[in-house]
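In what follows, subunit A forms one complex with subunit B and a second complex with subunit C.
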Partner chain A sequence: MDGRTLTPRRPEARLALVVLAAGVALLAGLIWLAGENALRALVALVQGGFLTPSGLADTVVRAIPLCLIGLGVACAFRAGVFNIGGDGQLLIGACAAVAVVPLLAGLPAPLALAGLMLAGMAGGAAWGLVAGVLKARFGANEIIATIMLNYIAVQVLSWLVRGPLQEPAGVFPRSARLPGELRLPVLIDGTRISAGLVVALVAVGVVWILLARSRWGYGVTLTGQNAEAARYGGVRPGWVAISVLAAGGALAGLAGTVEVAGLHGRLQEGFATGFGITAIAVALLARLNPLWVPVTAMGFAGLYVGSGTVARATAVPFPLVNVIEAVVILGFLALGVLRRRPALE
Partner chain B sequence: MTPTATRVEPPVLALSGLTRRYGDVVAVDALSLTLRRGEVVALLGENGAGKSTVVNMVAGMTQPDAGTITIRGEPRRLTSARAALGAGIGVVHQHYALVSSFTVAESFALGEVAGRLDRPALAARVRGLAAEAGLSVDPGAMIGSLDVAGQQRVEILKALARDIDLLVLDEPAAVLTPDDAERLFAMVRRLRDRGVAVLLITHRLADVFSVCDRAAVMHRGRLVADRPVAGLTAAELVSLMIAGVPDAAAAAALARTATGDLSPDGHAPAPPAPHAPAGPAVMRVRDVTLRRANGSVAVAGVGFDLHAGEILAVAGVDGNGQTELVRCMAGLERPAAGRITLEAATSDDPSGWTPGHLRALGVAHVPDDRRRHAIAPGLGLLDNFLLSHVPIGRYLRRGLVDRVQGRADTEAAIAAFGIRATGPDQPVGRLSGGNQQKLVLARELSAQPRVVLAAHPSRGLDIRTIAFVQDRLRAERDRGAAILLVSADMGEIEGLADRVIVLAGGTARGPVPLAQTTRAEVGAWMAGH
Partner chain C sequence: MDWIVITGLLASGVRFAMPILFAALGETVGQRAGVLNVGLEGIMLVGAFLAVVVAMQTGTPWGGLAAAIAGGTAMGLLHGVFCVRLKVDQIVAGIALILLGLGLSGFGYRLVTAGGAPGQVPGFQRLNLGPLSDLPFLGPVLFSHPAPVYLGLACAVALAWGLSRTGIGLGIRAVGENPKAADAAGIDVDRVRMAACAFGGAMAGVGGAFLSTAQLAGFVENMVSGRGFIAIACVVFARWNPLGAVAVALAFGIAEAAQIRLQTLYPGVPYQAFVLLPYVLALVGLVSAARTVHLPSALARPYRKD
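Let's turn to the complex of A and B:
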């Protein structure tokens, strides 16, 4: 009750720090149990992820798709819609982008790149839309629908790179290289950081304005706070569910396009796995605030990169990085339930 | 209890110097109050006077900053609701803590039963308690399908199920029908005779005079009177609540416009001021059948026109279709049969009869259960003020929400309705129930509505605010709005309405002009005769 004089956001920030601290503490404990020096491992983790030039560059590269998908997750969670389908939406978006490459031949480079990204967003949005329509029209649970669509997306990719989109040589299950004018340029020489960074930062601004200042964003937030009151006020709940899943899909599809055009240069099986779940932790730790999403995305990307260093330098296995993600997700779910107790006086 | 028994029993509850601050606001200021066995004490006060804070401290949900709580002579620290219950204090709050997907019987098992659930025994126990208390409760009903009054009965029974010495009832009668209120008070008298002390938090003076032994009045956090009811007049109480002093003359004028509940001796309130005759029909209701949430037919064959410039009261005991009628007229539901029309929109149209479309046509709606349906507790006053505007495209500038204008209008509403809040960004969940309600009213009346659907607009408000709200409704009517007023309070209906329609026993009577009927006739209709 001492929160009465505070703004609503500050206790939330405190929660985020508590959850993060719990994650680090648990990680340290597990490293200790594994027979290593926890402090040494954590120092190596931070150094590997953030404090060496090459580590930091790798962190930024990984943060770009996390940030984009995390923004979409934040939109959906704000409306109380649980979009677990980031991975599938990313894959379908990347497939759609690669599929339109022949249509973009001959266009001026900026236009062609814009077309590529629009196609990626449309593909991801369509995949999100499937879950949205299933939920709005038939009352299907979006958690289950999006997870199932992830599996289907993996199969779609697998078929495409062996069939319609396979490279002309027809040897490996992968697509042809994107033509040079459809590659996102490298921003910083000597690193793999592409112009996808700019795309992600622009997306942060756009999503922030939409959520904080648009009629759509107001309806999204209101639905998450009290769905019945939102309907009473004139918000159409089905439309909100469909639009946040489509928006999340578009952002994930954009992430997939940026991965292909900025990093890998082509479509191949298993080219971007595990972003979807990490992006949930990214969005939750950012307290669903789009302005914090790039920060938390950097944090989780750095953890990932740093864990690689730790695994090489010590006996601590790589998957330990998942512990922090799991603690963040579970911590916020638990706190969310606790906080749902009715407000007093 | 012979006169020779000199052993002085310690009071059931003694509050001494109780103080609670929220930031700079002193919600409760050095309050001392004593309840003895078998005493029924009313705790009165305006919205924000500190009554709910007292309840929360007694219920163990808030800790006092200073002062002591003594129970049966023993100083106690009540650190949780469970601790309060363990000390023999049962509390029925204004807002119920019930699980809507449970049955009534299951809610009794919550927190009590460990191990296997013996459903037949549980149901029998609920029936037994209900019979003892004289309240009608079906153990198999789903909580979510009960109306506000039904849920309250469950909460009261849950409190009684524990062996308690003190029952705290926070605004219990505000949501009850006159019959149910009378049954509740009969139950309170039975409890008193058994030696249970009852603390009744209320706004309604009628409650004080019908059941209470003593009245304690709070004003801005302080206790300004603690006197036997026998020596008090309604005017004195009103004055104490509003001004903190028993100056009857000052409050008399205000009281007269406020509510019919005010005069325990049965004086009718002042007749409504004459005004221009009603305009054309705005909303038409034709042969409508309404079903309750549980599927049963609440009322059939309802038909009326709602005219511009009139207040049409829907009278009747709660649960006879009033809630469903308003929800259908607001576009939240569709009637089971018949049709409702507003301009080109009709309730048979699958896509046109939605809250958003009707709001865009000028329908404002003050719902029955405001906390559940009309506010987002986690958002600030500003965002809650925008709740019925932004979704239909108001307060937009160049495609973005005009928060500057919204903030100015919210601040104006806070001032005009006297909402006690720290500012437009304070989360609405932290306001008292009355202040939440004022915000809903301010918002719904803010955009010059053509139709106002107002369900119990003065329920739970203090007298000053009731008078203000009623004046605002009259002003909207005189401006030309068509107003549907759902009320169970005959005093309010007589003071406000032009015509009245009664829903009772599955049928509708009327509408008839109020001038052509009598309180006795309407009362008979409400009773189903």
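Let's turn to the complex of A and C:
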């Protein structure tokens, strides 16, 4: 037998199996507490998230920003940098995009849309850059920094939709509707799936090529595997940290722009929350491979949508979705323990 | 500003500092032992939720506090199982804890409130220390807080002494600085780290309980709103020193108390500019501390015997 089999022959592997079982038992126990049958709830979740046309469409809608942010998280992770700031970068990106709308008036539609997305990417990148510079220049921990920037971004949005970017009527804390030519067209009639899907898939391709084929991607991956070797190879770790956080910010900002231009049509408070941490799970389960990110993004999006279905149909509260996400991450870590080769220890 | 305003500011600043202080003290011990827990936020949420539910069940906030300690310890041990025993990436495990705490507390809250709005929460009352509490200025600022405030300060002093002056403290620092040497000296590295994880979780649980039963009275979903992360920034800013953590947590508490007052004082300035003060302060703290600080050498590194 080689070291990759699932045979529990070491204490660590045994413990990992126990933990996996405990995770499943926790989920079943919670559903039982809510007065439901775990198997029935699971079936309803999978059906609601993936097997009905409307559920699948909602899953795709949610997977689009998750995929974009997950790509950025994967880039950062590869360099050993944790970007938990997806939510804040998304918000600032969306704000930047809406802020440039007046400048785009009169441009041909494709050009205007491109300008909108560029502005969104620039806004998100700037927000990521702040964390990057704090880390590279001052050694500030990027986890705390990106999370603090998330909270700050929420306040910035809250101010903008009550101040400079508020709709002319000035009643509700929200921006004016985007003009029609700045809206991303709906891709599939009868659903809310916009051309943002194409944007996300193009981003997957671009990130994959950059990571696999470019000098930058090589430096990123090398830094994550062995920072010392990277330094000898002429890669500057500080620069890598800045670049992955800015790139992740740009992708999250793009996600924010797509949310506004493809889904909501305007800025408002709380229009996109909870993507950032889920995107970490997305990147992790994709094993930081950009080509797998859309797949895992679909998985977590379906989990979210399916949990919503379950919560509406039964007495199982919606926050179960966060518990499931946690169990999935911990389960992924435990499985990693089982796959360890004893010889490497 | 007159004295009444400053007195009120400092008095509520002390109370606002406590959730951060408790969590930061626990995290200080954990990090000194070499374990980084970025999931404090989740543990605090669970602590806040359990404290409210059990306080209402038992009719006393102390019952709630005990439940929060139990829940926090369990989550700290879970972190320990993954980071210390299974030796996985500590940051990823901590992120899972954030989600777990968010989910468990939200799930439980909605289950509990499904049958109607919850009643009055028996929270911690402010102590009346007689003549001390009646002192001008010092009375409100120092001598009329709920009992856990004094427990927290006592904890900080005990930890400052314990970490630097006792054998146990030396053991904790040793496994965080040089686990190999600690192991050679006969210290069970993993056991010390597991204990530190449990303690860190328990303290984060207390922090959550303070928030929901002493600073406020009741639980709302996601009510910790970043204090768990601010606590980590506080640990770094205080250079892993428990007494330093008191000072830094007080700075955060006073900043929070000040931003609420500044909102009404300067209605012309968008209130959001004040709400983000504590978060900006955390960023400033990270930046100013990071350059000069010597962090525990084996922080976030699992230890394996060769």
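As a working rule, the second predicted complex is superposed on the first by the 296 of 345 C-alpha atoms of A that agree within 3 Å, B and C clash if a C-alpha of one lies under 4 Å from a C-alpha of the other, contacts with A are read in each partner's own complex, and residues count from 1 in each chain.
By our rule, a residue touches a chain if its C-beta (ideal position, glycine included) is under 8 Å from a C-beta of that chain, and two chains touch if they have at least 3 such contacts.
Keep in mind that what you see is a predicted model, and the values were worked out from it rather than measured.
Contacts of A:Y232 after superposition on the shared chain: subunit B is touched, whereas subunit C is not. Shared-chain residue A:V244: touches no atom of subunit B or subunit C. Once the two complexes are laid over each other on the shared chain, residue contacts for A:G219 go to subunit B alone; subunit C is not touched. Of the two partner chains placed by superposition, only subunit B is touched by A:I209; subunit C is not.
A count of residues in subunit A touched by subunit B and by subunit C gives the higher number to C.
When both complexes are aligned on chain A by C-alpha atoms, subunit A residues 345 touch subunit B in the first and subunit C in the second. Residue ranges on subunit A touching subunit B, taken from their complex, read 1, 4-5, 7-8, 209, 213-215, 218-219, 221-222, 225-226, 228-236, 342-345.
If you check the complex, the residues on subunit A that touch subunit C are 12, 15-16, 19, 30, 33-34, 82, 84, 134, 138-141, 143-145, 147-149, 151-152, 155-156, 158-159, 162-163, 277, 280-281, 284, 315, 317-327, 329-330, 333-334, 336-337, 345.
For subunit C in complex with subunit A, the residues that touch the partner chain are 38, 81-82, 85-89, 91-93, 95-100, 102-107, 109-111, 114, 221, 225-226, 229-230, 232-233, 236, 270, 272-273, 275-276, 279-280, 282-283, 286-287, 290-291, 304.
Subunit B contributes residues 22-24, 27, 52-53, 56, 61-62, 95, 97, 330, 332, 354-357, 359-360, 365, 367, 372-380, 383, 386-388, 390-393, 396, 399-401, 403, 422, 425, 427, 429-430, 432 to its touches with subunit A in the complex.
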